[in-house]
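Chains: A, B, C, D, E and F, in written order; residue numbering restarts at 1 for each.
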Amino acid sequence: MNRGLIIGRFQPFHLGHLAAIKFALRSIEELIIAIGSAEKSHEIRNPFTAGERIEMVKNSLDVSKGIDVRKILIIPVPDTNVHYLWTYQLDAMVPKYKMVFTNDPFTSMFFREKGTNVIEPPLHRREVLFATGIRSRIAENREWKALVTPQTVEVIEDIHGILRIKAIHARSTVHA
Amino acid sequence: MNRGLIIGRFQPFHLGHLAAIKFALRSIEELIIAIGSAEKSHEIRNPFTAGERIEMVKNSLDVSKGIDVRKILIIPVPDTNVHYLWTYQLDAMVPKYKMVFTNDPFTSMFFREKGTNVIEPPLHRREVLFATGIRSRIAENREWKALVTPQTVEVIEDIHGILRIKAIHARSTVHA
Amino acid sequence: MNRGLIIGRFQPFHLGHLAAIKFALRSIEELIIAIGSAEKSHEIRNPFTAGERIEMVKNSLDVSKGIDVRKILIIPVPDTNVHYLWTYQLDAMVPKYKMVFTNDPFTSMFFREKGTNVIEPPLHRREVLFATGIRSRIAENREWKALVTPQTVEVIEDIHGILRIKAIHARSTVHA
Amino acid sequence: MNRGLIIGRFQPFHLGHLAAIKFALRSIEELIIAIGSAEKSHEIRNPFTAGERIEMVKNSLDVSKGIDVRKILIIPVPDTNVHYLWTYQLDAMVPKYKMVFTNDPFTSMFFREKGTNVIEPPLHRREVLFATGIRSRIAENREWKALVTPQTVEVIEDIHGILRIKAIHARSTVHA
Amino acid sequence: MNRGLIIGRFQPFHLGHLAAIKFALRSIEELIIAIGSAEKSHEIRNPFTAGERIEMVKNSLDVSKGIDVRKILIIPVPDTNVHYLWTYQLDAMVPKYKMVFTNDPFTSMFFREKGTNVIEPPLHRREVLFATGIRSRIAENREWKALVTPQTVEVIEDIHGILRIKAIHARSTVHA
Amino acid sequence: MNRGLIIGRFQPFHLGHLAAIKFALRSIEELIIAIGSAEKSHEIRNPFTAGERIEMVKNSLDVSKGIDVRKILIIPVPDTNVHYLWTYQLDAMVPKYKMVFTNDPFTSMFFREKGTNVIEPPLHRREVLFATGIRSRIAENREWKALVTPQTVEVIEDIHGILRIKAIHARSTVHA
């Protein structure tokens, strides 16, 4: 089957991720969405658990026009202590795939060293649609809701995610 | 949402698992299928990788009458070194759920100690539909294909799974 | 300071353990009680968590005549994946000690290879005072309460420990 | 029992910690002192082993007026790779407790997400009584002994801790 | 370069291993000797540390006629928790190789699934030259020295290895 | 035997390392070269795998005048999560040694706390012969080849190591 793989941490899932998924679905039959750093949560770069991120992605795709969720698998993938082993661990956790969609040069490097076909989705409104910026906006009470899906907003509010992000940022400041 | 969780290792996915999934879907809106011992493969009790098992489950459900795969999430969950932490690790990996479907008394114990509602699906042709028996049948060249879905057969053949099970059994005999 | 170390898993804490602690206290000023396999629980050989075992030991010693609990430290120590490192990991987790009390030949071997003084406490009613036997008695509804302290009975009942031991044994039988 | 839990890394144990322990003992019957990051030592933020820190705490409390050490348990608790699991791992390592004493907003967050009662002890001379500052004072040959107990001084001198802190700081400078 | 890889646990290094190494050296320019389960020691199937095993192999080869130790690398390789990742972890630990020498059907399976060329060295006096048998002979005071090299005997005696094997076997009997 | 141990990460192996090895060989009969942080690769401070580094060292020594590679063992040693355990883990992985050659004050500290004899090799052209500087030179297209052996250059080119270092640096910049 012509299956593809897209990799992200989705901290949180935003409109740039949604655009990349739509881009990928144009050239493949089935798409695996790998939720990276799945074991991480409650830290500055990774505030949300894998379960919370899966819910953001699933709920957003369920209502997206032009996306058939029956063609999608959402799979959490933990980090490996040994970087070199990450793509091999991934291969044990997901069905076989033919190409990888990613914009991260480091991730690309590993797949290219293995000989896997890597495609870079076009970046969509990159100046605002990046997760680090969105987390800062949440921590600093700046506008962020228009940058993510309504389903992502709903999950974050439901788990008191704004309070969590502020508590994590407070600690970092204390330790700095 | 009225979401449920069913837990199995699916080594391999068989008709008893399919019946249990259909049973669970009768009383809930959305079902998480947790693939247990996800990090294990290539050993007697766990010959198949999580990726291979996900493919068995997904392909089987895709063509099952009366199952809407849009209401299903398939999530691999690794074991924890510390038994006590397993259900908590699970909670970090999956969206929130209201009840658990399992026939394993040990798994039930953990959820009941936590106060989670546990439902035991009725066992379907238990004398033949159990994975240990099916793996033995494969190793010993006895009939097994009628006990699983055609999609499971296809995945096992595609990955040369019969040879793998025989190689694992050969080793066990040598070490005994 | 003339400090000693006694090692056990205390699954559960019984009258033989109590006698060994009293024996050790006769020749030292302060005693470290190391709770071994601290990370393990909910399995046949290790049904109780470290926290539950600490409570059994502490509550039993608090009311024991002739024991001054101010001279005692109770420290949980996890297993190491690498056997060779266990005594070194232990040394990082406890204050310095001058001698070790143990009846296990394997544990003795490690300390003797390191040059530590090992003393074997006399075994007290060994034919009934051993934890494996006590766990079997609990699983099989045979008499066990007279073999442990009243405080151990109280902790086990408080945590529904009899049910837990039976659930763990049930599972083992299923898998055999 | 009305048992409480106080959490710290105690790198090293200082007069602020002692004041917080006395504060906690006013409202509870028994106190668990959890030594956090127990597996860490010989690094900038964690120079001392858990065993060394236990000795600082125990020796200091043994001679403190108004503290009954029979009401105290000192338990080392390692970090978890997965933040989300830390409080659950803790629960497996210590007897049951009813409230938590901590001033760390991040630690509070986890307990509050679980529904545990969190109390913030009043900070005592916060401008000097914080461990990062005390470690810097030691590394830079500034006055520090009046900020900790005489027993902490004794342990640090006994293990050549001043040399150790300087060696660790030397390395950090080299790598910067 | 025409480099080969031979895999063993060498518990202990015996004359069968020596014959297999000589066999491999006939068809390659350089040989990597991978010491498997390198992190294990002091247990029934793995009594010796990697360091002790390296010493057995190195000392034996140093004096073997017809072996040029300049063409040999001896590399300890730990087990992986995840079987599937073992050959990939190995690849990160050793220089590139073109073929693998092993008689273990399970090890062969992994390399064959990856497409690596596997050669089975002829077994030499298999009825006595197998490590499990040699360890039993040591534990039971039967003749074993003629089955290994004089250098292996010397290392085992130097580390009091006979006592160690007996202590490990004693424990197993106690637990049985 | 009068065996010594030299420790380095060799990221990459350069002329300063070669001089230190020659220095060590003057006072000992056999030298163990421990490749530290063996499990790490593909990151800023550790771009190369242990296998790649072993190849750099072995190929360089094979052609070095005055070095007898039969007196040398090259052993990869992973980091430990627990710093305190590192030297003990090392002892399990290598044959017994009588002295350690290192210039790192932190590494020295651990061996000195254990009572091991530590010798600091004289630093050779320290202002250019340090691995961090050589990695920066590679990333920034500055001259670096004269600072390492021709064999190191050959290995780095063979594995496309320059591209790898640039990809790793690109990522770091993105995340900063």
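Heads up, the rule we're going with is that a residue touches a chain if its C-beta (ideal position, glycine included) is under 8 Å from a C-beta of that chain, and two chains touch if they have at least 3 such contacts.
These figures come from a predicted structure and were not determined experimentally.
Undergrad: Please identify each chain that touches chain A as well as chain C.
TA: For chain A paired with chain C, the chains in contact with each are B, D, E, F, in label order.
Undergrad: Thinking of D-F, which of B-D, C-D or A-D forms a repeat of its interface, with over half the contact pairs identical?
TA: Answer for the repeat of D-F: A-D.
Undergrad: Let me have the rounded angstrom distance from the C-alpha centre of chain D over to the C-alpha centre of chain E, please.
TA: The answer is 46 Å.
Undergrad: When the centre of a chain is set as the mean of its C-alpha atoms, what distance in Å lies between chain E and chain F?
TA: Centre-to-centre distance between chain E and chain F: 26 Å.
Undergrad: Suppose each chain is reduced to the average of its Cα coordinates; what separation in Å results between chain B and chain E?
TA: Those two chain centres are 37 Å apart.
Undergrad: Can you list the chain A residues in contact with two or more other chains?
TA: Within chain A, residues 39, 41, 49, 82, 84, 92 contact more than one other chain.
Undergrad: What is the complete set of touching chain pairs?
TA: A-B, A-D, A-E, A-F, B-C, B-D, B-E, C-D, C-E, C-F, D-F, E-F
Undergrad: Applying the document's contact rule, which stretches of chain E touch chain A when the two form their complex?
TA: Residue positions touching the partner: 82, 84-85, 88-89, 92.
Undergrad: Given the complex with chain F, which residues does chain A contribute to the contact?
TA: 81-84, 104-106, 108-110, 113
Undergrad: So in the complex, which bits of chain F are touching chain E?
TA: Against chain E, the touching part of chain F is residues 38-39, 41, 49-52, 54-55, 58, 62, 69-70, 73-76, 78, 91-96.
Undergrad: Which residues, counting only chain D, touch chain F once they are in their complex?
TA: It comes out as residues 39-43, 49, 160, 163-164, 167-168, 170-171, 174.
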